[in-house]
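Okay, handing you the structure first.
We call the chains A, B, C and D, going by the order they appear; numbering starts again at 1 in every chain.
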């Protein structure tokens, strides 16, 4: 889409590491499927996060050692997990009471598109023959205190995922707070996409060119 | 109110015994405070009822022996009780889900007034300086499958409690199924109060005179 | 005296009628009552509306019920799963209808149905295609949609331990929709690995009190869906 | 690392502000957090709206808070109890306002408030004085009233056992409103007889998961309200 030379930015793991640094100690966190799951590997030294999985577990731990799992102890992605000391099991209505009732501090999700108004599309491409499947995404974005998106800045075809208005079916309106991509960390503000930080080796122009809506440059914090 | 000679009818315990005979085996039952509580003493041979108390216990047993109770194991009347084998504790929202969701088979309540349309008044006399207090009565009558009233036929002043229309504030509308008094067993039907059975030694006229709405005589079941 | 235990899964589903609405517990394979579902397939009832979070995997359990063309409508939040090929085919051919409900709304609708709450407001789905056509209302400055309670003629549920009064415990994240569906089923059927005498379970730890349960059957070593699929099993 | 334990009841209520809405657990004396209430009396916050099923007994706990004229409004289902003389006097003199709510509606409103459900329909109170003035709606041929969720600035709750993550177990029928109020309080405070390390409580039996709890304090031998009353105690 542009002729500027390729800039690499952060890997998926580096994106997860970067996002994890912004999660306060003691946070209750729900991690979506995909890149968000990587965050659990990169909890900063001295901090403790408690992971919620919407299928009924608070205090989710890492995957079990091979052969030691229980097919009835799984996460929302239906993969086997473990439970940490202090964990609790509960039914789906209680689980979504936690979500809808604003008890979770942070949800990190993947995205198909995010608009400059904070709308998120992440559950359907709207393709006519696709089987629509939403899961808990709409509840999470409607209820969790902060919604962070972690995603590649552009699609595999180079199209921007950060757009003026989503063309895919929405998951929720005006609910995304921050976006962590391979290229940058961006806050969704009343004025639109606000750059917070460029990934190492990335230029502002390079990011702006690949963003489908105006990108406000870094604020001068030296004033 | 009438000049006919006093007829005695059933005692409170006999009323409870009579009502208990009409409860099917295996019923889930909520007993109100007062005469209803006596029913638990008179479960017919070969039957098992499970008692629900709305403050969070299914499988309520009798009062504990003196000195063996727990002030945190009480019934809705705030008296110490016990728990039978198979009992379960739960919180108030689950308890009223049982009630409102139609999971209880029977609730037996006292009454200030019952109308021929099945309206019940049992929580307030509407006196201007009374402290209004409703508890769970309105939820019980709105949700439990069958509502039986057990009460003296008349007030201490000889006024009928079974009336054309309640003058006291209502607990619920059209929800009473049957009334067990010292004088008779009466069903609330679309046609009004239908006599089902006279207490031993009681005349139809004696009951009809003390009932504030038309009383339909016993149906001839020999046809 | 009260004894809700039946001899086997066959008896427990014997009166399921054509056209019935059936809630089936489980989130993926966790909590899926495979033996009850297979008994339902054997029983033959058809034109069913099934409420489950997913649509089954492989060709066992719920997927086998769908493959046998017994399900005319699915109400679920996530019909797309790994190894889920049966439902997509019937959905695309128009043979099975789909009502897609956000997961938390699905859970709350089932709880409401079992709790005598006919309808409630939720922020979930506002401004999305799943909120379209639903009644909206602004409360304290925020917009909500109106959702209705769900009930079922039968609920088929997998527990871990039950007693003959119908008190039930579950296993880890297999609990998921089970306690809610027990509340919302007109006839709620539990399959449990062990059925004990009332009093053997501490009343403080019971998850589903017996009042919500009509029938219990003991299935001592329930099949594991992923193992059946790995072994290439196709039911029946 | 996460540790929600505070040193004592005084610390746990130190930031309660004048005009706050406070949920207090308990049904009669069962589940009443007397030590937290007494700490609140000592603290001095006033003009409180208090949500509790009752209005306390004697002159200890909730009744003592009311007697100290810290409560401008009570939301409850049953303000008339044996040994309850404090509230009636202040109610009749107009010093304390009363919002009377049917018990099941009160419980469901608290659960709704904690669950992000702003409003729901219920059959309870239709056709009665407590349904008057409320929005009515006919659903499937039956009439219902609209009720709104309740939340609080602080919830004061008595548990039996808790851990430092805020997971809580209760004692018998003292459970009552505790788990609901823990969900609905912006700051939820638990007093428990024992506070243990995370992992000491089986995750299958936890009633209130720690996410709903902000503070826990250990009160090893909590006072028994009926014993205080029998002994003629009047707090402070």
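One rule holds for everything that comes next: a contact is a pair of C-beta atoms (placed from the backbone, for glycine too) under 8 Å apart; a residue touches a chain by one contact, two chains touch by 3 or more.
Small disclaimer: the values here were computed from a predicted structure and weren't measured.
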{"item": "Chains touching both chain B and chain D, listed by label", "value": "C"}
{"item": "For chain A and chain D, chains touching each", "value": "C"}
{"item": "Reference chain B; chain at largest CA-centroid distance", "value": "A"}
{"item": "Comparison of B-C and A-C (more C-beta pairs in contact)", "value": "A-C"}
{"item": "Geometric centre distance via CA averages, chain B-chain A, whole Å", "value": "57"}
{"item": "Rounded Å distance between chain B and chain C, as computed from the means of their C-alpha atoms", "value": "36"}
{"item": "Gap in Å, rounded to a whole number, between the CA centres of chain C and chain A", "value": "30"}
{"item": "Residues of chain D engaged with two or more neighbouring chains", "value": "108, 111, 115-117, 122-123, 170, 172, 204"}
{"item": "Sequence positions of chain B contacting 2 or more other chains", "value": "57, 83, 89-90, 93, 96, 99-100, 142-143"}
{"item": "Category of the chain touch graph - line, ring, star, complete, other", "value": "other"}
{"item": "In contact (per the touch rule at the top): chain pairs", "value": "A-C, A-D, B-C, B-D, C-D"}
{"item": "List of chain D residues in touch with chain B within their complex", "value": "27-31, 53, 77-82, 87-88, 91-92, 98, 100, 102-108, 110-111, 122-130, 170-180, 207, 224-226"}
{"item": "Chain C contact footprint on chain A (complex, rising order)", "value": "53-57, 70-74, 78, 83, 89-93, 95-96, 99-100, 119, 124, 129, 131-139, 142-143, 169-173"}
{"item": "Residue numbers on chain D that touch chain C, as the complex places them", "value": "108, 112, 115-123, 137, 139-140, 142, 144, 148, 169-170, 172, 204-205"}
{"item": "Residues of chain B touching chain C in the complex", "value": "25-26, 28, 48, 50, 52, 57-59, 83-90, 93-94, 96-104, 142-143"}
{"item": "In the complex with chain A, residue positions of chain D that touch it", "value": "1-2, 111, 113-117, 163, 165, 167, 183, 197-199, 203-204, 206, 209-212"}
